[in-house]
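Quick heads-up: structures coming right below.
Shared chain: chain A. Partners: chain B in the first complex, chain C in the second.
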Partner chain A sequence: MFFLKTLHHTVRLPPQFFGPRLREHVERKLYDEVEGHIEGRYGHIICVLDILDVGRGVLQPMTGLAEFNVVYKALVLKVFKNMVVDGVVTTVNQLGFWAEIGPLQMFVAATLIPSYYRFDPSANPPAYVSDGEEADISLRIEKGQAVRARIIGMRTDAREIFCVGTIKEDYLGPQEEL
Partner chain B sequence: MSVPTRVETVNLQKHFEKMPTSQSEAIPSIYPAPRRLAPSRGARRDTEDLDSATGKLGADFQGVDCLLIPEVKLLLDMHKRRRMQSGIERPSNEVFEKTLEYCSRFTAFSNPNTVRHIKSTIDSSQYEPFEIGLMGNLGIESVEEARSLIPSLNRETLDDNTIHSTLNDLQNLKKYQAAG
Partner chain C sequence: MESRQHVVLPPDRYPVTIITLRVDAGQNVQKDDVLGIYEYQGTVMVKDRESQQERPVQKRVKEELRSQWTGRIDKVAVQPGQTVTDPREPLAIVVEPCGHLIQVRGICATCGKDLSIGDYMGNDMTRATINMAHDALGVTVSRDVAEKLDKDTSERLLKERKLTLILDLDQTVVHATVDSTVREWKADPSNPNYPFLQDVHVFGIPHYQTHYVKLRPGTREFLADMNKIFEMHIYTMGSRAYANKIAEIIDPDRTLFKNRILSRDENLSRSFKSIQRLFPSDQSMVVVLDDRSDVWHWSPNLYKILPFTFFVGTGDINALPTDPPPAQRRPSLNAGGLNSGPDEKSDEVEEVEESQEVLAQLEDAQHHALEELEKNRPLQKLSEETEKDEETEPMNIDESRAGAEQATPTSVTQPPADHQGQSPRTQRRRPVLSENDRELDRVKQVLLDVHKMFYDVQDKEHAAPDVRKIMSQAKSEVLQGVKVVFSLVFPTNVDPSTQDLWLGAEHFGARCSLELTDDVTHVVTVEQTDGSRSDKVKRARQMPGVFVVKPEWLVHSISRWERQKEAGYLLEKVCRGPPPSIETAGMSELDEDDEAILSGRWEHENDIYLKLGHDDIEAMNREIEDALADDSTEEGDGDASQQSDFDLDAALDAEFDALLEEDDTQESVKKRTSDEAGLNRLREPTSPPSPSSLPPTKKTRTDDADIIK
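Coming up: the complex of A and B.
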């Protein structure tokens, strides 16, 4: 889910940038260090919308770097356990399938896919196909398909957030396009 | 020298603990204190309790207004345009592009004027902000579906009629929006 948050970040600027365009350098450094990165508490920081305050630089003793405590408004993407999300399938194999929720990776294991979906390795691209009376052209999980899943677990590392999802529940699974 | 016995090691440890530390503390550190690098145990436990099924989003997000996907799309489009005009060069941002792509695909409303009115049309007094967000984003059609997909709606104070009218409002907005 997307939120607008006011966050702050400490930018350390080397002395070579002290000069007439100081503020511009601080802003650029902030974009470099923050945009597209992950902050454990806030999830993905997608973009900086507005810089509210750059603050007064404080020189650090010993290094000569100036520290600016920048306050900015950012768009963040954060997911929670047990939340239902829409994603786009990227990879399908016999272990399950991967989906993307914007910048977020989600894996749905084969055991968390309802049993009436069967993996069809000979299809191109590989797909999970539902059989039985519910056989319908739309009930295929293949690359590019929109799926709705519930997030049951998350793991955050420095560069990416991985989620594990399930579609073994009512109203979850492949969706028609809006 | 022989290897120190266990008793000796313990004694050594005690000795080091007693050593005055004021000297090392006197030097101002230019690095953030270690506690800032690793979250405290209490903070970590906090994040484990977050659960949207019970409506617990943690202190940072509880009650914070969340954005619907169409709103995010408008915001990102606007931001992209402004960034091109401003001339400040920003590094290519994969996360930004992916988000924009995702929002373009799952947006239910195409008309900017409609998007602006979604929040004001819906009576949100009965809901947590994130529940409104989920209902808007997922395009839910029935009360049953809403209760199943958003478990936190299953509280006693919320009856079917309230949810039904909210879902109706959302669907009407979608149905009668002008072509964008």
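Coming up: the complex of A and C.
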């Protein structure tokens, strides 16, 4: 789910940037440091929408760096357990498949793919193919296919968030059009 | 995925007596819940009150039986009061709702539970530790699941009548370099190498130099044919980006390899490859094709192909930079001291995981090596040298042509990598590069045979045969009955029986030794730069039926699964094997002992030597020196008159031999002892050298010099 959040970030600016364009430097450094990164509680920071306050820099006595406590408004993506998400398949193998949900990686194990999907290693590219008996139409899960899945577990590391999902429920699985 | 777990106790507790039970079938239990109380005969340390010392005491100990799992009790197999003696008999069965058999970086892929959180009994991440996917995205499975997946694969392949082929890239099907000379030559039609470079592929990899890649001749046909009977995988020590680029070249529409590509980024180790990485439990249908055997620990599944060297002077750009590149390395010198015993039975997945730091260092080292290579431009140097040679020594062309013929054993075969290092001398007036490698055709034939044998057995016995057995069998027949002695091949500071060449020879049915014995058939040795010969070689060339060959004979026999004809690999230009020239020089009156002494096989030779003390030897030395004093002056006179008849080489040869002898007292003592035993007689006919019988004269002259010093 996407949220609009007001967040804080401390920017430490080296002395060579002190001057007339100081504010610009602080803003650029903020974009560099937070956009595309993960904030433990809030998930992925997709982009900074507005910088509300740069504050007055405080000089650090030992280092000469100036510390700015920046308040900004950002678009964040946070996923929750049991959330249904849409993604794009990236890798398919006999253990299951990986999908990308924006910046997130998701793995769906073969056991959580409905049993009427068979893994076909001789297909090019390899794919899970429904045999068409239980499913009304022949569907394929292959690289590039849009899928809808439910998140059953997730993990937040320092650099990335990834989750495991299932498509073994009604209305989940390959989608015609996202 | 439900999984049934058996509640058992450590084997050393048995027999145990159940005192009470606290659960019934159908009940749900949490991890660490008490299921009951049991009693066993235990040893406890009791502190003695008087002596204050601890001593073990046997006594009945009561303990709680706890569940290691959260789940439903399916069955309680014991009654209160019952005594259980068999440690394999489960006390109860707990059905877990999820066995966490497939995990992704600490999360169960089936139930989504975070398994990295453990308790005092450890965490559940240890249940699934095998990574068997080609990628390194972090999906791990348990042994059970791995076995099932392996079995599925085998069944599918049997149905399609295919086997698995794991293919190496560098120097097996392609040769890559970063030498930018290639670009210049490729654009210059006047360059003699121009025609060979037209199908060289050029690509860039971020953070690396531009790569120039040449396919081994016949690669495309080979892959297309193999694809019909093999499911092919790429397993390379190159980076992922590199592997993908090469795959794009050799398999543009991705029909051959699909996504079955494993690079060093996904491999656990930078120095070894492992079939278990892809096939954790069943390797009976896997054939490996690689130019290096040490990285595979001489796996029985391996077919070792001769390395493909197109860009002379460049080795395997993705090999560990600490190794000397194959172009310069002797087969014996690589990866010394690796404990590379083939562990055929080992089912464990090898996890020689190197720390991130080490990997980063290796990466740096490789960057360095590539930069060096780019800077050094071995190709350009080589061709410059060639040109210089041509200018300065136009007179010697004939001689070096002859040399070239010797270096290339048979005209059809590609000269081995070692020789290409010397090619500026041998391949003058020709382009530095050449395109006559046909190894893949041989490999194709062997692999077709393996496939046929596998499915012949399969059809006859209806039981899945084992590629390892078929290949080991075929390999061991190649050098059947051959006994090899190595001389000057291995460095003295390593155990020769761990070396590539030694292990290889043994795998192919030869017996290996360092001692020259009667049953030896081949002496493998390297050409010394100064033309000198080792003790073993000298003795061996007196032995009838013993071939003195270069290591390439062994390397080629191993790589081609076919005993090569020794004629092309002999150390000396003339074969001095079966018809020893001495005997033809009118020595027919020799008795058996003399002959044995002559050929260095006299059985009592060592006895005499052993019985002699140091003083005896010295005394003997003096005696012989005295006795030979006039002989040698005579010899000198003879030399002077003959000088014009000997070619320079022979004279030098003799001198080298003589010099070498002086250093080696043991050798000289042996020679002298045999001399005493009757060689005086042998020298007689040669002392007035007759110009008419030159070859034998030459031969004995050499021997004379040996003895005389």
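In this text, the second predicted complex is superposed on the first by the 171 of 178 C-alpha atoms of A that agree within 3 Å, B and C clash if a C-alpha of one lies under 4 Å from a C-alpha of the other, contacts with A are read in each partner's own complex, and residues count from 1 in each chain.
The rule we apply is simple: a residue touches a chain if its C-beta (ideal position, glycine included) is under 8 Å from a C-beta of that chain, and two chains touch if they have at least 3 such contacts.
Fair warning: this is a prediction, and the values are worked out from it, not measured in the lab.
Chemist: Would you mind checking whether chain B and chain C clash or fit side by side on chain A after the superposition?
Modeler: fit
Chemist: On the A-aligned overlay, A:Asp32 touches which partner chain: chain B = first, chain C = second, or both, or neither?
Modeler: It touches chain B, and chain C stays clear.
Chemist: Scan A:Thr6 for contacts with chain B and chain C and give back first, second, both or neither.
Modeler: A:Thr6 contacts neither chain B nor chain C.
Chemist: Quick one: is A:Arg155 in contact with chain B, with chain C, with both, or with neither? Answer first, second, both or neither.
Modeler: second
Chemist: Considering only the touch criterion stated at the top, classify A:Thr111 as touching first (chain B), second (chain C), both, or neither.
Modeler: In the superposition, A:Thr111 contacts chain C only.
Chemist: So, does A:Lys81 touch the first partner chain B, the second partner chain C, both, or neither?
Modeler: So A:Lys81 meets both chain B and chain C here.
Chemist: When the two structures are laid over each other on chain A, which of chain B and chain C touches more residues of chain A?
Modeler: More residues of chain A are touched by B.
Chemist: Tell me the contact category for A:Arg41 with respect to chain B and chain C: first, second, both or neither.
Modeler: first
Chemist: For A:Gly96, is the partner it touches chain B (first), chain C (second), both, or none of the two (neither)?
Modeler: second
Chemist: What is the minimum C-alpha distance, in Å, between chain B and chain C after the two complexes are superposed on chain A?
Modeler: In this superposition, no C-alpha atom of chain B lies closer than 10 Å to one of chain C.
Chemist: Using the superposition on chain A as set up above, list the residues of chain A that contact both chain B and chain C.
Modeler: Chain A residues touching both partners: 81.
Chemist: Please output the residues of chain C touching chain A within their complex, sorted ascending.
Modeler: Spelled out, the residues of chain C in touch with chain A are 1, 102, 104-114, 116, 132-135, 137, 139, 141, 149, 152-153, 156, 160, 253-255, 258-259.
Chemist: Any idea which chain A residues touch chain C in the complex?
Modeler: Chain A reaches chain C through residues 81, 91-96, 98, 105, 107-112, 121-122, 124-126, 151-155, 157, 162-164.
Chemist: Mind pulling up the chain B residues that touch chain A in the complex?
Modeler: Those in contact with chain A are residues 28, 30, 39, 47, 50-53, 57-58, 60-61, 64-69, 71-72, 75-76, 79, 88-91, 93-96, 98-99, 101-103, 105-108, 130, 133-134, 137-139, 145, 148-151.
Chemist: List the residues on chain A that touch chain B in their complex, please.
Modeler: 1-5, 24, 27-28, 31-32, 35-36, 40-42, 44-47, 49, 60-63, 75, 77-78, 80-84, 86, 88, 100-103, 146, 148, 150, 169-172, 178
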